[in-house]
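Each of the two complexes below includes chain A, the first together with chain B, the second together with chain C.
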Partner chain A sequence: MGSLAGAALLVGHPATAAAHLVTTGMGPVYDGAGHLFLTPEDLVPVLAIALFAGLRGPAAGRRAMFLLPPAWLMGGLIGSVLRVGAPASTPALSFLVLGGLVASDLRAPVAWVSGLAVIVGLVHGFGNGAVLRDGAGTLGLIGIVAMSYVVVTLVAASVVSLRVPWMRIAVRVAGSWIAAVGLLMFGWALR
Partner chain B sequence: MIRRASRRSAVLPFGAALLLASLPIPTSAHVERGPATGFLTGLEHPWSGLDHVLAMIAVGLWGAQLGNPAIWILPVTFPMVMAMGAMMGLLGISLPGVELGIATSAILLGAMVAGEVRPRLAVAAVLVGFFAIFHGHAHGTELPPGQNGMLYSMGFVIATGCLHAVGIAIGLLHRWPAGRLVMRGTGAVIALMGVRFLWRALT
Partner chain C sequence: MSGSRRFLLVLLVLLVLVGTRATVHAHESQPGMLDIEQLAGDRFEVLWRAPIYFGQPHPAHPELPASWTTVAPSTVRELADSQLFRSIVSVGRAGLDGAVIRFPRLESTTTDVFVRLERLDGTSMTTVVRPTKPWAQLRGERSWRASAADYLGLGFHHILQGVDHLLFVLGLLLIVEGRMTLVKTVTAFTVAHSITLGLATLGYARAPLAPLNATIALSILFLGPEIVRRWRGETSVTIRYPWVAAFSFGLLHGFGFASGLSTTGMPRAELPLALLFFNVGVEAGQLVFVFLALALAKAFRVLELRWPRWAELLPGYTVGSLGAYWTIQRTVILLGVLR
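Let's look at the complex of A and B:
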């Protein structure tokens, strides 16, 4: 019980903001845009929520498209003020939960998808905020938010448009891979 | 005359399987050296042990034989349970008889394909999941401390999924009578190789 509590404390402890943005040489907005594509910890949860929203239909896809980016912006602004990183276990938890939802193709109501999109945006944006304050600033955050909008829109729309049953199965298999990676990340974190 | 010809066509793949299984192979299973440096290392790792490769392909083959929904449930079950086994290995939780479990997985999964056995879906999923723990634990134990555990894990899981896809792709042969024989012969090869792995683990 004690060791479990210790492990929970370890993974739930807020991380110090020590990471830095990749420099594209094209300014802070592009640095932010590049950050999303070069950071699997952020990119994969965005892909996963887009896949899940796409599986749940056009209404859920639209909600995720319009809710995740502003939530990310909000989380980023809060994080840049507080200057505390998200807990180290955030990516692992996002991978596990979102991957599991995609793999199970859970028949969740649209409100659930909306809530999840807001939570993912707030938590991951919060993690970005502290990093961006010392680098690309709010413009970098805008770059990330813009790219998250593009990714969610394209991926969710692609999944919604799938008509062949095995393509939806392929999406669910991808979800199981994301969840499996999340489990392994917990193992690495607790090692 | 026709019966003799069909008997000959049934015997041929199994004869080829026996021949292939008796060929000498280097012992390459499950001791990976070097740092876990990232995605490519993770991608490479599952291909480094023939026992793991054959068991993964057997899962895909068996899923293809069983048809929908097993064709996707088994490959979805395996990586998730395998990740749990790997997590156990990473946390240092011991699991007795890992190598025996891996060798037995090749024997049983190969035999299922060779015999075209059709149990209930839950039984097939539990069987595959049970052996996935052994495969995951072996890999989790041997993963050295790396620079990026997440990228390594992504490569590792994707490579395992691709091995299942190889099995499912071979399983497309199941549409044709001759293809079914080839699949059953492949299952027999995997089972025989499993016997070799078991022998090696015991001696």
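Let's look at the complex of A and C:
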């Protein structure tokens, strides 16, 4: 019962917006792009959705590529207005769900990929927005969004182009690791 | 909608978008320069060249160590592209070695600062201060590797911050067809800008900044119609021999790169090293951009993207519109300079 209450608290509790963007010395757009690469909580879900979309084929890859970045931008703008961090459990939940989907290679319809891309974009963008308001601002957000577009496009296309069966299995193994990290993050938060 | 109307619409949108941001000036990435020269004993002349930043005086200013005392009042000279602060200080008995000079507010800019220390015994030290590490520690001679890494980073930053240079490279990529033509075009651009970068850095040639920036913008505008022509399946000299345009305009862009490598006061002995590694940094940045653009183009093919007509034309119109906007803007600046 206690664990259940702890989990509920974890899921609902907003994260403190204390993080700062990395300073590249090249302006806020590059700071935003650098942020995505240096923040595993944001980068891994982007990679995971790209892997999952790639496993589901070109149509799913296209959906992820066109839906995740605008959703991230929208979430970021909303987050910068409301100034409330995303729930602390967001990264763990994203790791667990998306990693699980990649690992299981679930034969989900393309609409699922679209929905997941929008949800991941909105939630993670929302988390960024609260932080960006005091830092790099909208230009930083544009840097994050542009980099998420590049990552999703390149990774999804790489997975789509895989022809050797064992390489698809390697992608699924990567998904299982992502899910395992998500599980560990949950365990750590509940200890 | 006719082609010219669409062009005007895109141009208008871009003008509004760019115009809402702070006034955009020709070269925001010019480095600053702090020159410390020993006059006698503990007396040093401190020269701080603060580049004009987005049309305003630069927000950063060097903060000298508290133990240093000013012995002659500071003077300020207003130059066309910078402000020059001069003062004479006494560094006291503690000397200069190990002293730290900070640059408050540099971290909120994209400006790199060259720091040069020259002593009466002929020894000198140079270093580059970045917004990511806005301070310099004055020490003895540095290893060539440390200086090389500084210049490499400077070149890499300069190309990636130079939207005009990147847009020109993108324009070239959009008109090039076939691997061999691509290699020839990128090589021609590299060779051409390396030549003028070298000539300008070594002091054999010089291009005034205002007309240079206007001409660089014109080179981008020139590519816009060529991209659209290529998309329509038409041909031209530029489409058949893109390396000719790459080489010709590359010569201009090289002068532009040279503005990122301020050699004012740089020790002569360090010039070849600075030139080599700055150029390597520029090439590395350019290659990263080219590979990224090509990888994205391949990813679009793998994901079987079918672009609508307006989206296929967008890159050409964007390159042309931005080129036109910068040409007009920089010509206005040029005329302002001439008046």
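By our rule, the second predicted complex is superposed on the first by the 185 of 191 C-alpha atoms of A that agree within 3 Å, B and C clash if a C-alpha of one lies under 4 Å from a C-alpha of the other, contacts with A are read in each partner's own complex, and residues count from 1 in each chain.
We adopt the following convention: a contact is a pair of C-beta atoms (placed from the backbone, for glycine too) under 8 Å apart; a residue touches a chain by one contact, two chains touch by 3 or more.
Since the model is a prediction, treat every value here as computed from it, not as a measurement.
Once chain A is used to superpose the two complexes, chain B occupies space next to chain C without a clash.
Geometry note, superposition on chain A: angle between chain B and chain C about the Cα centre of chain A is 110 degrees, to the nearest 10. In the superposition on chain A, contact is made by A:Gly187 with chain B only, not with chain C.
Once the two complexes are laid over each other on the shared chain, residue contacts for A:Ala179 go to chain B alone; chain C is not touched. In the superposed model, A:Pro40 makes contact with chain B only, not with chain C. Taking the two complexes aligned on chain A, the least Cα distance separating chain B from chain C is 23 Å.
Here chain C touches chain A in the complex through residues 107, 110, 112, 130-132, 157, 160-161, 292, 295-296, 298-300, 302-305, going by the rule given at the top.
The touching residues of chain A, counted against chain C in their complex, run 23-27, 30, 58-59, 61-62, 65, 150, 153-154, 156-158, 160-161.
Residues 72, 75-76, 79-80, 82-84, 86-91, 140, 145, 149-151, 153-154, 156-158, 161 of chain B touch chain A in their complex.
Those residues of chain A lying in contact with chain B across their complex are 40-41, 91, 103, 169, 172-173, 176-177, 179-191.
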